[in-house]
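Take a look at these structures.
In the two complexes that follow, chain A is the common piece, with chain B as its partner first and chain C second.
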Partner chain A sequence: MSKTKHIFAVLILSLLGITLLVSLSKLPNQFEYANSIYHHVVNNSITETGSLNFVTAILYDYRAYDSLGESTIIFGAVSGIVLLLSRKTLPVSSHGLSFIVKRTFGMLTPFIFLFGIYIITHGHLSPGGGFQGGVILGAISIIFSIVYGSEFDYKRYSPTTKTLLETSGALLFIGLGFMGILLGGNFLMNLNILNAEVGSLLSAGSIPFINIGIGFKIGAGLAIIFYSMIQKTFKEEVDL
Partner chain B sequence: MTLRIIIAYFFMVGAMLFAVTTTVGLIRFPDVYTRIHASAVVLTISAVMLSFGIAIYVWQFYLSMKILLVGLIFLITNPLATHAIARASYRRQIACPEVRSVDDYSDYLERDQQ
Partner chain C sequence: MNVALILLIVIPLGTAILIPLIDIFHKEVRKYLVVFSAFLEFIILLYIVVNNFSKITNGSIFLTYNLGGWLPPLGINLTLDMLSLYFVALISTAVLFLVIYSIGYIGHHEGKYYVLLFLMWAAMLGIILTSDIFNFYVFLELVLITTAPLIAFKRNREGTEAAIKYMFYGILGGVFIFIGIILIYFNLGTLNFAEISANFNMLPLNIQILISIFFLVGLFIKLGIFPFHFWVAKAQSAAPSPISALLSGVVEKIYIYAFLRLIWNVFGINVLQDTGMSKIIIYVALLSSIIGHVLALYEDDLKRMLAYSTIGHLGIIIAIVTVNTKFAIMAGLLHVLSHLLMKISLFTSAGFLLQFTPSHKLKDSRGVAHENISVFSGFIIAAAGMMGLPPMIGFFSKLFIVRSFINSSFYFGASLVVLGSIFSFIYYSRYITYGFKKISLGSPEEFRLILSVLYREKVVKNIALLFVIAVVLSGIFYKTVFCPLEGVYNVLENPSLYIDLILGG
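And then the complex of A and B:
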């Protein structure tokens, strides 16, 4: 790297630093938050939603309409990638990795699945939720394609199943939203179904169900993205 | 400072020494295979010893079992990942010398193909 590039990089970095410092100094200080929505959420979210996890309470109750938009963005990304990358050819099989890796992932994959389900269903009690657990579920499809070969993934967990799972997750979310209207409230209102005491698994009204819907949707969506990307890459029989 | 805490610190300091050895090996060794050797063997025992040390330090049943489970996962997955990397780089002939004095793995690969 030449000297002018160094000077250029230092200039850009110092400009960025000055910009961040100026915008940091313009942030309101802590006391101006006293009567804001932050205060309301911290004080009342447990009694209002029944969710121990404030982030989940905000994501799937106070701001659920926004989460619906986020999952629609994922849906758009999946549709665009499938549209751009889909070919009529079937996925070309690779042999996968060695015997040792196949056996060990045979033992590990059920636990990865269990961990993903745990993250999804305990989203209102502990850190995590639909998006994070869904990514773990999506990783299972990637493990299938890389470790066992993409033909295994095509047979065991076909694109039709993936599309079905993704669509049913999205429909579960939107259906819960319309249930709110049917029961005489707002769109995506928290239906107080199956409400046990705060802290148990079946608390927090409709938040766990939205979590499950989002989880399946994200997991299947990422699997579809990976699947349509691997179709072309594995064309020439890569052996690892 | 009870005997339990001392044993826990012994494990943790041993894990730290092994981790330092791993880093030195990763930087100083010449090519892929020797570096993989350093990270596979020494880093695994470092992580397992660290999980032992923390499990003894915490000394509650469920917490210790969870930490030992993390150590077990490390014991399984770290040699697995290094095995996959070493096998892939051997098959792609990455950093292989022209003349080898010992080459046992090629027999295994031919048997594995069938």
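And then the complex of A and C:
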């Protein structure tokens, strides 16, 4: 029974694959569309947004609304995982690794933190940005739990703090959006807050602030995901 | 420029973000915040309707909002025309009452529940209002990510299995749509609906067909049309009742909106009609419809039965709009409304009635009618609407569907609709006869263990009855619902108007 099923599945899949291959091979090799938004972004994005990084200019200025949606997906995933994984009985937290590892990470962690902050704040100048830097910040919480034991993580960086950081990051993003409306423009307009010359740290309008907001949101969100997988989460879930 | 459009999306989104913050400081406020923002959303919708009432009556409403101040081809813009307005009105009103229903129904883990519910709401409105294809995809995935945990909300084996299955199918559908978007950007260099629409017919025909097939397969997987229907029953029966109502009544309608918008306004229905693909779609949808009804006939679980009946009705809607005559599209759109109202009232009253029974099984529901006759008669009225009995709205939408099938000489489709009605008569009457049987139910402790307890019984009951009243009233005043649909039809039939309005303004 299962064997015929497998053969059937393989047949259908290979048939679909061949059809797809034939169709895709008929696509022309080179596409040149005169009115593509690509030309506009490449030629004008530095003067229009003040960001040296094209990707950042697209993500946080031209299509900042998409980034709002994407970071909201992370927010939704965090809420879902916390909802599903929180439970009453829990495994006892680890006590951390050996003294050598603890000392080494004691020296390394500040630099990891600094690197995360650097990636976030220089999003408009170099590769990186809120999403990438946020992941690095989220890793710090994982280091705390693995190297020093999850109780240390709970004391230093409690779930309440994490939630506060996450929501404040999201609120910063939406707040910047509303600032645009209040200042007479549109939602998520690039505000003229930081207007030093292009290429310096304090440039590119509100893009660095959006980066910081997303960075906090992603970092705290990933920390919450990791945390809810290893230990008991908020009190609300405990008194079920 | 209309700020109300962005407020429609940001209010549920902001509420979802505020709820965890409020949970830290003061949990009691959460309930009021949730209801307050749901009503605020409704007030903004009313504001839009009242402000543009004369334009709505002649079908020429067109509001637009450029996000970030970038003009359409470059940035993302939100648009609201008759088609979007129709779906926004349906969804916002339905979700408003389902939020109130949830306050009575859900008693644990409320914080995260409302976060996910409001994110889902924001995402659904985002899908409807956007006119940018990548933004459309982002919100489509947000709907998926937020619905899956809600399906597994009961955290039992059944729910987890259903949620994982739903995730797999949803992601697969999303991947198909994403490949379609990549092909569009690769070929046209733009993501704006209007620009795609203006240039789509300059592409070679095989690429046009390829892109449409990718989108159609993606949407059909997400809709649960026949070859991909396996997740529907599991997901809708495992979820708590308000979420089942949302999944079946509201979320599925989003994909119908996406189908209408993409195929008519963006790709153009001509591609499908010239290549004969529209015939295939009609037959696949009709086949799916009859399979849904047959599976419902064999089902002995109430919520799974309702879920299979959803497949049946969605198939009919997809088939009738693809027939693409004026009357057919209007009938299909009316059936969107009628299915939404009837399915939500069925699921909400089932959620109330299931508290008296030890399980979802039909034969366990003996004597339910004597427990609460008012909700049970509400269930009967909504079920009668599903069968297509007058004066419920289901009668008129089914009548118009049959008539437009016959007018375009699709006798096969017309007979299938009638057959589906007969099938639904059989499977609903099975539940109803079980309900009237006089057998004492088990002791309360016995089923308290199996089913969730209702927290505010009165709220749940009244909302369920409210939806039933809506089914009857919209049936009696069906003309007031049906006539504005002409404006929706005009939007669908004039893609060039849509292009001009977005790119010109």
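What we mean here is this: the second predicted complex is superposed on the first by the 194 of 240 C-alpha atoms of A that agree within 3 Å, B and C clash if a C-alpha of one lies under 4 Å from a C-alpha of the other, contacts with A are read in each partner's own complex, and residues count from 1 in each chain.
The rule is short, and it goes like this: a contact is a pair of C-beta atoms (placed from the backbone, for glycine too) under 8 Å apart; a residue touches a chain by one contact, two chains touch by 3 or more.
Since this is a predicted model, take the numbers as computed values, not measurements.
Asks: Quick one: is A:100 in contact with chain B, with chain C, with both, or with neither? Answer first, second, both or neither.
Replies: first
Asks: Scan A:188 for contacts with chain B and chain C and give back first, second, both or neither.
Replies: Only chain C; A:188 stays clear of chain B.
Asks: After superposition on the shared chain, which partner residues are touched by A:108: those of chain B (first), chain C (second), both, or neither?
Replies: first
Asks: One more residue to check, A:43. First (chain B), second (chain C), both or neither?
Replies: Touch status of A:43: no partner.
Asks: By residue count, which of the two partners contacts chain A more extensively, chain B or chain C?
Replies: Counting contacted residues of chain A, the larger count belongs to C.
Asks: Of the two partner chains, chain B (first) and chain C (second), which one does A:82 touch, if any: first, second, both, or neither?
Replies: second
Asks: What part of chain A is shared between its chain B contacts and its chain C contacts?
Replies: 240.
Asks: With touch defined as at the start, can you tell me which chain B residues reach chain A in the complex?
Replies: 76-77, 80, 83-84, 87-88, 91-92, 112
Asks: In the complex formed with chain C, which residues of chain A make contact?
Replies: It comes out as residues 23-24, 26-27, 31, 33, 35-38, 40-41, 61-66, 68-70, 72-73, 75-77, 79-84, 86, 160, 163-164, 166-167, 170-171, 174, 177-178, 180-181, 185-190, 234, 236-237, 240.
Asks: Considering only the defined contacts, which chain A positions touch chain B in the complex?
Replies: Touching chain B: residues 97-101, 104, 107-108, 239-240 of chain A.
Asks: Could you list, by residue number, the parts of chain C that touch chain A in their complex?
Replies: 1, 3, 6, 10, 13-14, 16-18, 20-21, 23-24, 27, 65-70, 73-76, 108-109, 111-113, 115-116, 119, 122-123, 126, 134-135, 138-139, 141-142, 145-146, 148-150, 152-153, 155, 160, 183, 186-191, 195, 199, 204, 206-207, 210
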